[in-house]
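Structures for review follow.
In the two complexes that follow, chain A is the common piece, with chain B as its partner first and chain C second.
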Partner chain A sequence: MNVRSVAVDRVVDRFPAVRRIWTARAVGHRLLPLAIPLIVLIAWQCAASLRLLPVQILPPPLLVATTAIDLIRGGEIVDGLRVSLWRIGIGFAIGAGSGLVLGALLGLSRTVEAYCGLTFRLLAQIPSLGWLPILLLIFGLDETLKFVLIAKASFVPTVIATSESVKQIPAPFREVARVLQLPARSYLRRLVLPATIPGIFSGLRTALSHAWIALIVVEMLAATEGVGYTMVWGRTLFQIDIVIVGMVVIGLIGLAMDTGLARIEQRLQHWEARP
Partner chain B sequence: MTEFTELAIRHVTKSYVVDETPLPVLQDVSLSVLPGEFVSIVGASGCGKSTLLRLIVGLDDVYRGEILLGGTQVSGPGADRGIVFQDHRLFPWLTLTENITLALDAFPLPAEEKAQRVRDAIALVGLSGFERARPAQLSGGMAQRAAIARALVRRPAILLLDEPLGALDSLNRTRLQDALLDIWEAQRTTVIMVTHDVEEAVYLSTRIVVMEPRPGRIRSVIPVELAARDRAAPDFVALKQRVLADLRH
Partner chain C sequence: MDKITRRSFTAGAAALLAAGTVAPAATDTPDTIRFGAFGAGFGQPYGVATFGVAQAKDFIANEFKDTPVKLEWTYLAGTGPAVNEGIANGRIDFAQYGALPNVIGRANGLPTRVLLNYGPTTIFGAARKGLPIHSIKDLKGRKVTFQKGTILHWAFLRALQANGLSAKDLTVVDLKTADQLAALAAGSVDASIGSSSVLSLREKGIVDIFYTSKDIGLKATGFGGILVTDQFREKYPDATRRVVTGLLKAVAWIGDEANRDEALRIWSKSGTPYEALQEEFHGQSLKEAFNPLVDEFLLAQFQDVVDFSKSEKLIRSDIDVKEWVLAAPIHEALASLKLEKFWTPRHADGSPKA
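Showing the complex of A and B:
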């Protein structure tokens, strides 16, 4: 019964990660990702100290930090972020939500694919910003314009990732489902969903980054508030430090959202976490 | 258990179309299997054994001829037939219990009875204690047994096995052969098993079907009438030789 006891151990030992030891090496390993940002920061400081570029073009890190604190204190950052996050939240929810539905339908149904596949691929070829002129005419500078553009930007990658991952569900598993005569509900819950989670989530992460691009661009071109607008405002004042603060904020918030999505994916995919 | 029914395969001819030219895979295959039989199919690689099982289970209905179960034409998968594929095909995201319970999803049974059936099936293949394990945590042989349990829990009248023990080492293989015999006797299922192992076929079957390739046809059907299941007995060895001779033909 050797085999049995070994396998039982494997079943019971479910949380090896919890027992990870905090050796100096492990800590060092965790700090590694910070090396490149640190080098960039030092190089930036050096370049600024040596006055390689005029201050108006390359302000020193410290000035940017002070500006950041001022902007946070003055409320510009928080207000801008509130507006931007609202836009991206609504736009992404609409775009990714409807993208999931259409993607699943395209992947599951030949009929839907036959009707909509070509049209979708054609429209997907036009970059989100290519829609801006006509959307501007339709919606003006209204909030709807931002929602529509962000929704469109997140819609396309979500549809593609979802339909592709549904189509790539291994044929052997589909055959098992047929042999077991799985009803549609279980087919979706027990096969389609778990099998497509990795693909869908990488699509959602792409969608989110596309949504950010659309958001910032539309705020730079056609808005009176939001992080993108704050950056344009900084540029017109020739205050590049404000622009840089905007860039850092976008980067950090984007990273936080991406990490959030990755976490959710890990949760949903707990079955694969073990070796 | 579903009613015992006779399986009649009549003049089945099947081709796949590869590069727009038809590739004949099965030609005029006829075979009748009675309730309670254990029929083994042996034959060279590519002679259409898996294809035949796929037709019987209803995964493919593009062929000429008839496959009748209790007199009615087979169309699509049904509760009366179960199949174990060569690869176990357990869903990696489900535990052993969840995988096997899924096989009862289409059955209108009370939850308690389903749970009982699943426990019984797991016990039958000797996997009690692993209910919460996921396929990645099972050894190859255990996963194969789990796949057998998933087919058995539906209590099909006919159980189709496609090289179910092909990937196992010889020790596990002999052990599982005896487990299969126990199951066959306990459940009184009709079994049709594809195997590459002639000794296994002689050991387990009541009849052996020898197929020949290109296109796949039945060469001979050999009844197994042994005094005892003893691999060393002279009649066992002689029968094995006969099947081997037919295979080499």
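Showing the complex of A and C:
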């Protein structure tokens, strides 16, 4: 199905160069997503100027910007991000990697589904943070704790998305493949991958956002470095501007990671659609 | 339900506005006085030190007997930083919390004044059972946990200093009390620094106590102020006077050795075991320990915390301690209670003035 949509896209977009002309209207359209952030920023500035909230609770945007520059120059942001991204890199690789494997097995094999389906669905119900108290006792505060929690947070959505996508490969396609006696490699490459990539990738994007949430929360509760900890420290010092800088950084990094995954997904689809 | 017409809406809005502008001027006693303090970390609606006794023995309530004023007591599990937030969003009028968060709040512009000293918090050091840690000096190269940004932070680093060490000689792990237990149990840290609440870990057989701030004395003992917001003080001078009087009566009651056992029982309602409190104050004169005076010693201690906060980069702006404390209310209250001679003022180094 996605094969067709890509094809249709190509037919409609016969003159890709035409699309790149920057008319005023096109530029305006591209700026639309910035409208709400801009409104929020103006409202924030107004609220701060009118002192609707004490400055200790709602610092003006300029102070937050200054703090952001200080934190970037002082290296706190970079150090925090390095730690946080390292944690999410390892945790997500483990969680999503094993999630893909289990998800594919659950989708392809009824035996695996019969053995593991119930247990998996049961464990999936317990939120990642519900594991924290006991994991804290087992692993202490070391990096292992963060890896395990992030891996768990990204594992569940990946498994669900992968197994569902595999199960939803249309039955006629499978039958055709069987009739043609496609070898396993071609079966995977020509049928399973193209049919499942959109589903799996939307699962991976969910997984990454869950992982990011788990990371920030575990850093706020049980860590001594990382972006989440920087925010807690800002709260302790009663410097809410640091907390807000942390929120902005978390938002931007999360957005960047999500966009990155979406780009990869597009690339893969084009690759699969190539005749 | 009636439809809201434009006229009724305007009338309602006008009434609201009128009520909003007239109400404060109509009376100079508040409806409620909100007291906020650090909790012992057990989520109990009872506190320790001066507030704990003032609440339990109705010392402040009795000062307002002839008025309809209500008193509200809140003990925040988030300790000092949470008290600062409470003051900032106008939910606390009087606050009892540690000097370090006192200073952090003030440096960030909280409109508060220090009225009196709330009392001491003895600091204990607990090491994982079986480790060869018998004194502060043995912490060199070890992983030590405590909650940064609280008075423990200041008191512990001063204790290190007194032993020729600094925070650089060990790894500091910033954790809340409940997580410290988990970290100790899992072996992630070697020692924890806390108030008498860590003594219960010893009863559970997890740790050995290797240090108490009594070893060093007042220079490494936790302390803090009882603060009032400018808003409340300026609007309700009479109520402020009554509160200070009630607080001083409470401190004087604590200072009477005949009440020691009852005081410990009141404080144990906060969740800290009675036995732990007994040990914390063992061999100490409660009258001396709970000296509320705004004297040279208290000023010097606050100045030390300010200097510490600056050198540790906890605050961005300086504080003038002399301008921050407000000694007039306590002096008036001492005179009206005829307690001028009850407590001895101290020199900056803590020695009593003859």
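Here are a few things to note about the model shown:
As a working rule, the second predicted complex is superposed on the first by the 252 of 275 C-alpha atoms of A that agree within 3 Å, B and C clash if a C-alpha of one lies under 4 Å from a C-alpha of the other, contacts with A are read in each partner's own complex, and residues count from 1 in each chain.
As a working rule, contacts are C-beta pairs under 8 Å (C-beta built on N, C-alpha and C of every residue); 3 or more make two chains touch, one makes a residue touch a chain.
Nothing here was measured: the structure is a model prediction, and the numbers come from that model.
In the superposition on chain A, A:55 contacts chain C only, with no contact to chain B. After overlaying the two complexes on the shared chain, residue contacts for A:139 are found with chain C alone; chain B is out of touch. Contact with chain B, but none with chain C, is seen for A:186 once the two complexes are overlaid on the shared chain. In the superposed pair of complexes, A:175 makes contact with chain B only, with no contact to chain C.
When the shared chain is aligned, chain B comes close enough to touch A:194, but chain C does not. Taken together, the chain B residues at the contact with chain A in this complex read 57-59, 76-79, 82-83, 85, 87, 89, 91-94, 102-103, 105-106, 129-130, 132-134, 136-139, 142, 150, 154. Partner chain B is touched in their complex by these residues of chain A: 3-4, 7-8, 10-11, 172-173, 175-176, 178-183, 186, 190-191, 194-195, 269, 271-272, 274. The part of chain A that touches chain C in the complex is made up of residues 53-57, 133, 136-142, 221-222, 224, 229, 233, 235-239. Touching chain A in their complex are the following residues of chain C: 81, 84-85, 88-90, 101, 104-105, 108-110, 148-149, 172-175, 179, 182-183, 185-189, 314-316.
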